[in-house]
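I've put the structures underneath this note.
Heads up, the next two complexes both have chain A, just with different partners, chain B and then chain C.
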Partner chain A sequence: MTGRERETRLLLTGWSLHLPGVEGFDGAPPEKAAAVLGRKGLLYKEPSTRLALCAVHRALGFEPGQRATGPIEAGTAVVACSNLGNVETVAKVTRAVEAEGGRAVSVLDAPNVSPNVVASTVALWFGFGGPNLMLCSGSTAGLAGLRMASLLLRSGRATRVVLVGAEPEDEIASILHDGPLRAGSACVILEPWREDSGHAVVDFEQGEAARTVGPGGFDVKEQWGDFYGAHGVVELALAAHLAVVEGEGRVGIGPRRPDGGPAVSVAVTDHSDEMGSP
Partner chain B sequence: MAVLIAGSAVRTCLGSGAETFDGLLRGACGVSPLRYGDPGQLNVAYGYHAGLDDELFRAGRLLAECLKEAVAQSGVDTETRRVAVLIGTGLRELSAVERLALTGETVSAGRLDFADVVAETLPGVTDVTTVVNACSAGGHVLALAQDLLELGECDAVVVAAADAMTRSMLAMIGRVAEEPTERVRPFDRERTGVLLGEGAAALVVVPETWDGPALGRVAATGLSCDAYHATAPDIEGIARAMSDAYTRAGRVPSEVDVVVAHATGTALNDPVECDALRKVVLGGGGNPLVTAVKGSTGHTSGSAALVNVDVALRIFASGEVPAVAGLTDPLDEGTGLRLVIGDAVAARPDLVQVNAFGFGGVNAVTLLERA
Partner chain C sequence: MSGVVVTGWSALTSAGVGVDALAKKLALAEAGQVEKGQEIGDLYEEPLPAASGHVLTSFSPREHLGRKGTSTYDRSTGLAVVCCQEALREAGVSLDDEARPRIGVVLGTSLGSFKSTSDYTRETLVQDKPYLVNPMLFPNTVMNCAAGQVAIRFGLRGVNATIAGGTLGFLNVLRYAGNAIDRGHVDVVVAGAVEEFTPHRAWATHLTGATDVVAPGEAAGMFVLAKENTPEWAGTRQRAGVLAVATAYGPGGGDAAETALAGCVSRVLAKAGADAAEVSTVYTGEVEDDDRREYGPIVRALGHSPERVMVKRLFGECDAASGAVALGVLLAEERDSGPGGLSLLTARGADGAVGAAIVRRYADGGPDRG
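Up next, the complex of A and B:
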């Protein structure tokens, strides 16, 4: 392994697109998340949290209703991307206090008034004890999440990163977003680059891509709707699907960003021993 | 590789970083009657307010002041150098969402984070990431900043954090309190819970090759997630963050001279934090002085870690460790810890540990060295 590869490549060992109502990638809507996750523990879980849990569940290849067992994985980090994940709860709690006083508020909503509930709930549900980050950086949150995931892996803070994006579609979120918003989630599982395993590689150096996801190619926003903070993770997971399952080999994501940041591609690894979607 | 701190600025209810530290040395308490929301409805009657009257976008205004001051102090040119900005926060500008809920008056989703504030305050900076990591957000962005510098991705990183109060979080604090808390009393047997404090802080973090003046050195920050409970802290998760910090720094707990604790004055945090300190630090042969600031400043949420870092830097510079305001009778779990009670203690520490823990079990423990 050269230093250059260490800096520019990450292994992508799993992915999922959990997009309610999107043909080919349809997933349970938040109110039916029990079909994926099992019934226990979903009380007071918000739509965005449920969507994130479903995406991670699928990316890990779990069966419906299967739960994580075993000790906490201290080497697995979570990076979650969502801008509007808890705004409806914040509004609901505020209105309840105004109308009926603080006693009308449930303590079960206490975690939900803190925006990092999406990231921390994923860690709690699956037993991920590594660094846990919640990114709320607007429509570029997914790309920021990929950069932070790369940082956590290269700095040795984690041996695996679960990068998940999830955005709800509710009254308050839609007003704040000021435009059509689509509920959905996606997840990619990232590990440090190594030669001998995995489905695909995330490459921060733009190579010759067979297809492009994003402007100039398959425009997720135009075709499926605006997943806002989850957008970048949806693009990554879609690129993984196209590269591996649809045999495109290398799929680029978007043009080079205006700030000069890295363009990204997802490509099949030379050594993939398994070519199916996890 | 350690990194240096070339600038640091703070805003709390007590004022600037210097004013805050002076208040800590005097045992000042910045609590005042709650200014936002109805105390009767919220079951919260007090807060630690930073002096801004307008209810909206207070966090961003405090943040802008800190960004300007810290960058000016460092002398880093944000227009010509590769500078990343990492903003940590617990609650963003969610008070704007609360206004929308009550009045229908809306804002753009883009105003909920701080990218615009950074763009207006630091010309030329385009690389801004908002990390919303509850009450340890500041510690998390400091860890990421060190990673960015160690991997050579930036010339400098501006690490900042800011938080103001939200009515929804106030409601949760009031919901779990038996009766309204009058002041924060960290580690005290008679503590009655937490109160929110408004605050912001900013650091300019640079590589060790920096040739300008430095306020201190970040040896390492350890990170972990409890993966244990949605709101209650866990000794194992906290201990992992502490151990991670020592391992990354190449130091051992017997070397730590002072701990600036998280110490929220709650039933849940304080015993667990004491247990973790006894397990990792005392168990590792350490016997540090333990202080805490929230009795003076309230819980400044996402900015709490960086406020504590600034306090640690001033301990290095002044040779004085402030006492814990509001602490007179330590809880049982504090037995064996050298909690600073009553008056400030003279000391010349070489290694200071700063603790930060947040909702969701997100832990960040920083080790700082004298520059």
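Up next, the complex of A and C:
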């Protein structure tokens, strides 16, 4: 392998799908997040924040209730993707100000009106001290997050990136989205590509894939629902699951081209065969 | 990004409010002069590390904006909103219903208002119960407060972003704004950076050792950026062209950052299709002649030694806003820019982040675009 792989590949060292009500990938709904995370510290945490924490918890391979211990990990970055996580609180606070004035607002709601609460809470909860980014860029937020993660790793800004997507399904979010949402979260943990280790890689090069996640293949939106800002991360984590756990080898992401290959050149591939490891 | 043009701008610096105050100070300053700033007087009750700094001593947002809607503004929000008003006026932007959705705001900062954040946090500790904190002041604690208030005040409904880039803040803003225009998200961006003078920032600058040579300062600089073929409502003059911006990161600082900065300079030249010989002036974040952390890599990349301007000597350490002050100085100065007339703006952060922008100034407000 040469330097080219270092530019087009990332190591995928962990992933999770936390999709309440989806068979095979079910997870605790936000109000029962304590079953995964433990009880302490969840007061006033919003549904999308809780879902994001659950996804990261599972991607790290933590036991239920287990907490991160040890020093702050300065090299670990958080990239969170969520568009409508805080809109219910924003609407609630705005209505309270309009109806009863500023004094009627609970101070404990204050952090939740800031959209970056998902990214910052994940960092505080798990002790990730690296760059902290929140992407609210619509349906493509997950893929934009992957691009950000790739830049952070390739430039040496971070040695590990926790890419997490989470979206709620409350009334306000559905109105703003102009369509039904499905609550869920997913997480992938990315590291710079190394020759001698790893199980799965994200490969940005074109290549024929055994299966495709997306229109023409397993269409997440059609099969499970619209995870909106988290969609891209859900696809990535699902592709990792199919590639490694279900032994599909290389799984493409994106709509299928007429010739059969995935249109987007992101593919998750099981790395173990290539490495000759068991 | 491809290049954008500046159709108008303004700056609030220790020289005062607006372009004229800045130009007047520049005309009076001697080459290489280091200013200690003004007496801060009774602006704050809290003790300060020094009695002087680069402050706008009698600044009052109300004087420029009126009473309505300004009562909860913190200092950096006030500076940003007033500066934006001046910049839009200077550019001659006509703010109607057609224009407003097509104008964005991109603002650089280090921490937002450090004072608002720490005062609010302090309140939660010293009040009897946490819920006695005034929720109306909460918006000031988020970093994007100033950019948000600017958009609300003038009804600018395009992209609204705050970039916390520290020393590189303003260069990041130019790059982000150029991309937003390039990709068609907006036609115009009011791009700038703001930093307030408070005891919090004064102590932070003092304790991190940044005030050895220059005093901490406050400033806001806002620039109306547009594509060359933008509708007339965006202003009809071209003051300057921001031809290209590049940023990079040299892990750990040191030699890696030097190489990264030289790389940025080469990249902006290539992107702009310019020759190194055309660069006559560079505006750096350094403060001393023998400090060549930015100038060294620039000279290496260009192959010659252009004139170096260190704006922090006159206007203090304004962190994220120093880059905006530099572009303001570039535009306001009566400088014989020589053949080619290109300038570079550079920045280098302690962590190894570096960046460069290449700017062409048009004489006398530039060609009429109308």
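Throughout what follows, the second predicted complex is superposed on the first by the 253 of 278 C-alpha atoms of A that agree within 3 Å, B and C clash if a C-alpha of one lies under 4 Å from a C-alpha of the other, contacts with A are read in each partner's own complex, and residues count from 1 in each chain.
Please note the rule applied: a residue touches a chain if its C-beta (ideal position, glycine included) is under 8 Å from a C-beta of that chain, and two chains touch if they have at least 3 such contacts.
Quick caveat, the model's predicted, so the values are computed rather than measured.
Placing chain B and chain C on a common chain A by superposition gives a clash between them. Touch criterion met: A:Val107 reaches chain B and chain C at once.
Of the two partner chains, both chain B and chain C are touched by A:Ser155.
Set side by side, chain B and chain C differ in how many residues of chain A they touch, and the one touching more is B. Of the two partner chains placed by the overlay, only chain B lies in contact with A:Leu124; chain C stays clear of it.
Using the contact criterion defined above for the overlaid structures, shared-chain residue A:Leu84 touches chain B, although it does not reach chain C.
Applying the stated contact rule after C-alpha superposition, one finds that A:Gly24 touches neither chain B nor chain C. With both structures placed on the common chain, the touch criterion links A:Gly70 to neither chain B nor chain C. Annotation: chain A residues 102-103, 105, 107, 110, 113-114, 155, 157 touch chain B in one complex and chain C in the other.
By the touch criterion given at the top, residues 124, 130-131, 133-136, 138, 141-142, 248-249, 251 of chain C touch chain A in their complex. Looking at the complex, you find that chain B touches chain A at residues 37, 40-43, 90-92, 94, 97-98, 100-102, 106-110, 112-113, 115, 126-134, 140, 143-144, 147-148, 150-151, 166-169, 171-172, 174-176, 223-231, 236-237, 240, 358-362.
Within the complex formed with chain C, the chain A residues making contact are 102-103, 105-108, 110, 113-114, 155-157.
Partner chain B is touched in their complex by these residues of chain A: 7, 72, 74, 78, 83-84, 87, 89-98, 101-103, 105, 107, 109-111, 113-117, 119-121, 123-124, 126-138, 144, 147-148, 151-152, 154-155, 157, 172, 175-178, 228, 259, 261.
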